[in-house]
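Look for subunit A in each of the two complexes below; its partner is subunit B in the first and subunit C in the second.
Let's look at the complex of A and B:
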C-alpha cells in the first residue's frame, strides 16, 4: 500500500467494538482493500478517472460529535420534507433528526442501533450484495462498518418518504467518512428513500458511501441520491441492489458538486419480472470530474431495465458514463434499454461515454443509444431572435435539457429543490424558474 | 428453438483442413537470429532489417493483451516456425481431383470455373492461366503508373516508397501482435496509386497478382497519392485452409490529400470444429491515415477463424476527411469475434460512419468494440454509429462496447445499438409463403446484413451473401 492508501485505512484502528459478524466484515473489507489498493487508470473501470488527486491529502477520521447547528445543516441540505435522519461523519445524530412523518410500516434507524436491536436481520443482509473483492471503495467502506442507516420497509408500508442526510464535517483538516445504508424491503412493501450528501467545514472531505438494497417479492422502492458536495470534496458512492420477483426499483441520482465524484450502481434482477429504472443527472464545471458507472444484470426471465443518464459539462470538466447491461443465459424475455446524452458547453469540457451491452441469450429486447454535442444553434438563434439575450437563452436550453431528469422525481418537494439547484448553476437561473 | 435453427447451428465446417506443407522451413522459435535470417533470406535492405530488429526488441518488452472478450489457450511463440519459403503446391490435373465438398462450396458460392481451378490449384489452360491474366492486368496498371505487387517486390523495386510509409500508420511499437508482425512479417501486398489516378480495376489479392503464399504474418501497405482512387479487395469467399493457427497481419493505408481508398475484406478461414478445437487465431491490425479531404472506407465480412481480433481504424488527420466502417461478423459453434473500429477525429469537419452487424449462432460470442475519439481541434466533427446484433439460439452471446471520447463541444456523436433474434413469427411468416426454413433464415440474415453487403463490390457482394447463408446452414442450395 502506498501512503494515501495506508492513511485511508489507518483510522480503522479507532473503531468501536462490534459483534463478531461486523468485525468479520471489517476484516474482510480491510484485507480486500489491502490486496487491491486504490485502483489505477490502467484498470478498465477506472481508465478515465485518476485518483491521483487523493494523494495530496491525509484524510483523518472525522469527529462524529462535532457540534453542528441545525441552521447550518439546513443551509446545505435544505429543509426536511418529512422524516429525516441526519448523520455527521458517519454517525447518527438524533438531535438533528426528526422522526415526524415517518411512513407507516417503515422503520428507519441508525445502523449501529439496528445491529444491536435486530442483529439477525442485519446479519442476514449486510454485505450480501456489496461484495468487497475487486471493489476497492466498497471494501474500504466495509473496513469501517459500524454505523449509517438501516431502513426496513415492512410488508404493510404503502409509500411515504424517508430522508437520510449525510454530512461530512471537517474542523481542522481533511476528513474521510464511510457511511453504510442498508435497505431491506419485505414482500409487497412500498417506500421512498432520499439520500442527500453534503459537507460542512472548509477542508477537503472524502465521502465513501455504500447503499445496499434488498427488495423482496413485489416490493417497490423509489430511491434518490443527491450529491451536493463542495468543490474541493471527493465523493464515492456504491449502490448495490438485489431484486426479488416482480420487485420494482427506481433509483435517481443527481451529482452537482465535488472535485471528483464517482458513482457505481450494481443492480441484479434475481427474481422473475423484476424491474429497475436507473436515472442520473450530472453537472460539472471548473476542473471537476464526475463519473457514473453502472452494471445491470438480468439473471432470470422477464426482467425489465431502463437506464438514462444526462450530463452537462462546462469549463474544463470531465464527465464519464459507463453503463453495462448484462443479460445472462436463461434471462429470457429481458427488456433492456439504456441511454446517455451529454451536453458539452465549453471548449475544454470532456466526455467519455461507454454504453455497453453484454447479451448471452437470444430472447431479448436490448438497445442503447448515446449522444454528445453542444447546444442546438438553431434553438439558440430562435430564442435570441425573440429578444432573449444569449446567456439567458443558453441557460434556458441547458435547463430544458436537465429538466427532463428533474421531472422524473416523484417527490414534489425534492423536485422543486432540485429544479432550484440546477437553475442556480445557470445564467439567468432565477428568471427561468419564474417563467415556469 | 425450431429444429432448423438447431440443425443449422450444429452443422460442421465441411471443408476439411488439409494443406500441402512446404518442407523448406527454418527452425522453430523466435530470437534475433531468426529475425536476421528472415531478412537475409529475403535480401532486404538495411532499413528493413533495422525496422524488424527494433520491433523484435520492443516486442520482448510487451505482454500479450488480455482485454478482448475472447478466451484461448496461451500461445507458445517459441513453438512457431516464422519463415517458410513459399513453395508451389502440387498441381492437380482436373477439377475431378478436388475434394467434392469443396467443389460443392464453389458451386454454391457461384465462383466461376476458372477461378475455382485457380483457387484449388488445378492446372488451367493457357488462355485462362492466371499468370497471363496477371500479366495483362499488370501491364494495364503499369501504363497508368500504378504499382501493385508483393511486398517483397516493392522492397526491391521501390525501397524509397516502402521506407517512407512503412510503419507510418501502424508504428512497430503499436501493439503486441503488430509488433510481432513488424519483426517477422513474411510477405503481403503493396500498392501505390499516383497523383490523380483513378485505379481502373479493383486491386485484389483474390486475383493473386501478388505473391502466391503470403503466409501467416502478412503485411499490406497501400499508398494513394493526392487525388487518386483505389478499391482493394482482400481475401475471398472460398473456404481458406491454413496450417498455421496464429495469423497476425498488419494493413496500413495512407490516403493523401483528396485521395480515396476503399478496402474490402472477406475472411473465411477455418473456424475450428463444433467443439472449438483448432481454427485460426486471427489477430489483425488495420489502420488508415486520411489526409485533407480524403476518404478511407473499410468493409469487412468476417465469417471464419476461431478467434477474430481486429479493429480496422481511421485516423482522420486532415480537415474534411471521411472514415467509414461497414462490418458483418458472424460467429457460429464456438467461434469468438472481438471486432470493431476506431475513428480518431483530429482534423476539422471530419466525418465518420460506423455500421456494424454482428450475428451469433451456436455458442458463438460476438463483440463489437469501437472507439470514437473527437480530438480537441476536431471542430465540427460528426460521427454516427449503428451496431446491431442478431442472435440465433439461446447459447450464443452478442456484446457491444463502444467508447465515445469527446474533446470538442462542436462535435456531434451519436451511437445506437440494438439486439434482436430471429423470431418464430418471422420464420412462420416465411414458411406460410412456401419458403423453406433454411432459406428463410438465410433471407433474414441477409436482410439484416444488407446495409453492409451493399458496400461490397458487386460480384463480391453476391458471393458474400451466399457465404453468410452457408456459414449458418446445413443444406442451403
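Let's look at the complex of A and C:
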C-alpha cells in the first residue's frame, strides 16, 4: 500500500468495538483493501478516473461529536420534508434528527442501533450484496463498518418518505467517512428513501458511502441520492441491489458537486418480473470529474431495466458514463434499455460514454442510445432575438435539458429543492423557476 | 453610399453578407419609414431569410460590408438581445421548438428582459397574464398552448400564430415577418393578419417576407420589393405583387 492507502485504512484503529459478525466483516474489508489498494487507471473500470489527487491529503476520521448547529445543517441540506436521520462524520446524531413523519410500517434507525437491537436481521443482510473482492471502495467501507442507517420497510408499509442526511464536518483538517446504508424491504412493502450528501467546513472531505438494498417479492422502493458536496470534496457512492420476484426499484441520483464524484450502481434482478429504473443527472464545471458506472444484471426471466443518465459539462470538466447491461442465459424475455445524453457547454469539456450490452440469450429486447451535443444555436438565437440576454438564455436552455430529470422526482418537496439546486448553478438561476 | 434618409426607421445601405465563402447578400438597399409596411418577395434562395436574419443578429451569415441602422443606431454592432430591446422583432420562417421551456414563461421572461433593459418596471405574474390573455384573444390562440414548451409539437400554422402572439406582446417598432403566412389555413391567415394589422400605427413599421400576394390583400403594403440573387431588383406598389403572381419571377430579371 502507498501512503494514501495506508492513511485511509489507518483510522480503522479507532473504531468502537462491535459484535463478531461486524468485526469479521471489518477484517474482511480491510484485508481486501490491503490486497487491492486504490484502483489505478490501468484498471478498465477506472480508466478515465485517476485517484492520484487523493494522495495530496491525509484524511482523518473526523470528530463524530463535533458541534453542528441545526441551522448550519439546513443551510447545506435544506429543511426536512419528513422523517430525517442525520449523520455527522458517519455517526448518527439524534439531536439533529427528527422521527416526525416516519411512514407507517417503516423503521429507520442508525445502523449501530440496529446491530445491537436486531442483530439477527442485520447479520443476515449486511454485506450480502456489497461484495468486497475487487471493489476497493466497498472494501474500504466495510473496514469501517459500524454506523450508518438501517431502513426496514415492513410488509405493511404503503409509501412515505425517509430522508438520510450524511454530513462530513471538517474542523481541523481533511476528513474521510464511510457510511453504510442497509435497506431491507419485506415482501409487498413500499417506501421512498432519500439520501443527501453534504459537507460542513472548508477542508477537503472524502465520503465513501455504500448503500445495500434488498427487496423482497413485490416490494417497491423509490430511492434518491443527492450529492451536493463542495468543490474540493471526493465522493464515492456504491449502490448494490438485489431484487426478488416482481420487486421494483427506482433509483435516481443527482451529482452536483465534488472535485471527483464516482457512483457505482450494481443491480441484480434475481427474482422473475423484477423491474429496475436507474436515472441520473450529473453536472460539473471547472476541472471537476463526475463518473457514473452501472452494471445491471438480468439473471432470471421477465426482468425489466430502464436506465437514463443526463450530463451537463462545462469548463474543463470531464464526465464518464459506463453502463453495462448483462443479460444472462437464463434471463429470457428480458427488456433492457439504456440512454445517456450529454450537453457540453465548452470546448474543453469532455465526456466518455461507454454503453456495454452483454447478452447471452436470444429472447431479449435490449437497446441503448445516447447523444453528445452542444446548446442548440438556433434555439439560443431565438431566445436572444426576443430580448433575453445571452447568459440567461443559456441558463434557460441548460435547465430545459436537465428538467426531464428533475421532473422525474416523485416527491414534490424534493423535486422543488432539486430544481432550485440545479437552477442555482446556472446563470439567471433563481429566475428560471420563478414562474413554474 | 448615400446620405442618411431623414426619419427612416430602418435604413439599409449596400448590405453585403456571405455564408462560408458564398456571397448571399450582394449590396442591398432598403429604407422603411415609421408607419410603413413593406413586403419583400422573391424566388427561393434569393436571400430573403438571410437578410432578415442579418438584421436580427443571427450569426450564420457574416456581414462583409454596408450598413443597417434602426432609428439611426448601428444595428450591426448590437447583440441580438439589444436589437430586440431597440425595438426589432423577427418572426421566424422556421420557429424553433424548445422543449422544457414553457411558452408562457418564455414570453414573460422576454417581455420583462426588454422592459428591464429599457429601465421600465417588470410585469408581475398577474399583470402579465392579463396582457397575455388579451393578446391570445387577438390572435385567437388557444390558451392551452401556453403551458406547452415553446413551439413544442406545434403544427406549422400554430407556430406562426405563436410568432404573431409574441409580436403582439412585445410590441416592437419594427417587425420583420418571414413567411408568416406559409402553412396557414384560410381562417388562420385572416387571424394572423388581424394580429399584424392591430400593431399597425404611425410609429411602427412592418417588413413582410412572403411568396403570396394573398397576405397582401389583408395587410396592404406601402411598397413591394422584389429580391433576386441578394439584391432588391425592383420596387413598386400593390400592382407589382399581382404582376408577379401572373408572370412569375422570370420577367423581373430581364
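Details
Just so we're on the same page, the second predicted complex is superposed on the first by the 435 of 436 C-alpha atoms of A that agree within 3 Å, B and C clash if a C-alpha of one lies under 4 Å from a C-alpha of the other, contacts with A are read in each partner's own complex, and residues count from 1 in each chain.
We take it that a residue touches a chain if its C-beta (ideal position, glycine included) is under 8 Å from a C-beta of that chain, and two chains touch if they have at least 3 such contacts.
Not measured: the values here are computed from a predicted model.
After alignment on the shared subunit A, the placement of subunit B and subunit C results in a side-by-side fit free of clashes. Touch criterion met: A:346 reaches subunit B, while subunit C stays clear of it. Of the two partners subunit B and subunit C, it is B that touches the larger number of subunit A residues. Looking at the shared chain after the overlay, A:362 reaches subunit B, while subunit C stays out of its contact range. When the two structures are aligned on the shared chain, A:388 is found in touch with subunit C, with no touch to subunit B.
Once the two complexes are laid over each other on the shared chain, residue contacts for A:372 go to subunit B alone; subunit C is not touched. Figure legend note: subunit B and subunit C, brought together by superposition on chain A, show a least Cα distance of 13 Å. Contacts from subunit A toward subunit B in the complex involve residues 44, 329, 332, 342, 344-347, 349-374. Taken together, the subunit C residues at the contact with subunit A in this complex read 56-59, 79-81, 83-85, 89-90, 92, 95-96, 98-102, 104-111, 113-114, 117, 125, 149-150, 166, 170. Remark: subunit B residues 67, 374, 376, 389, 391-422 touch subunit A in the complex. Against subunit C, the residues of subunit A that register as touching in their complex are 376, 378-379, 381-390, 392-393, 396-397, 399-401, 403-404, 431, 435-436.
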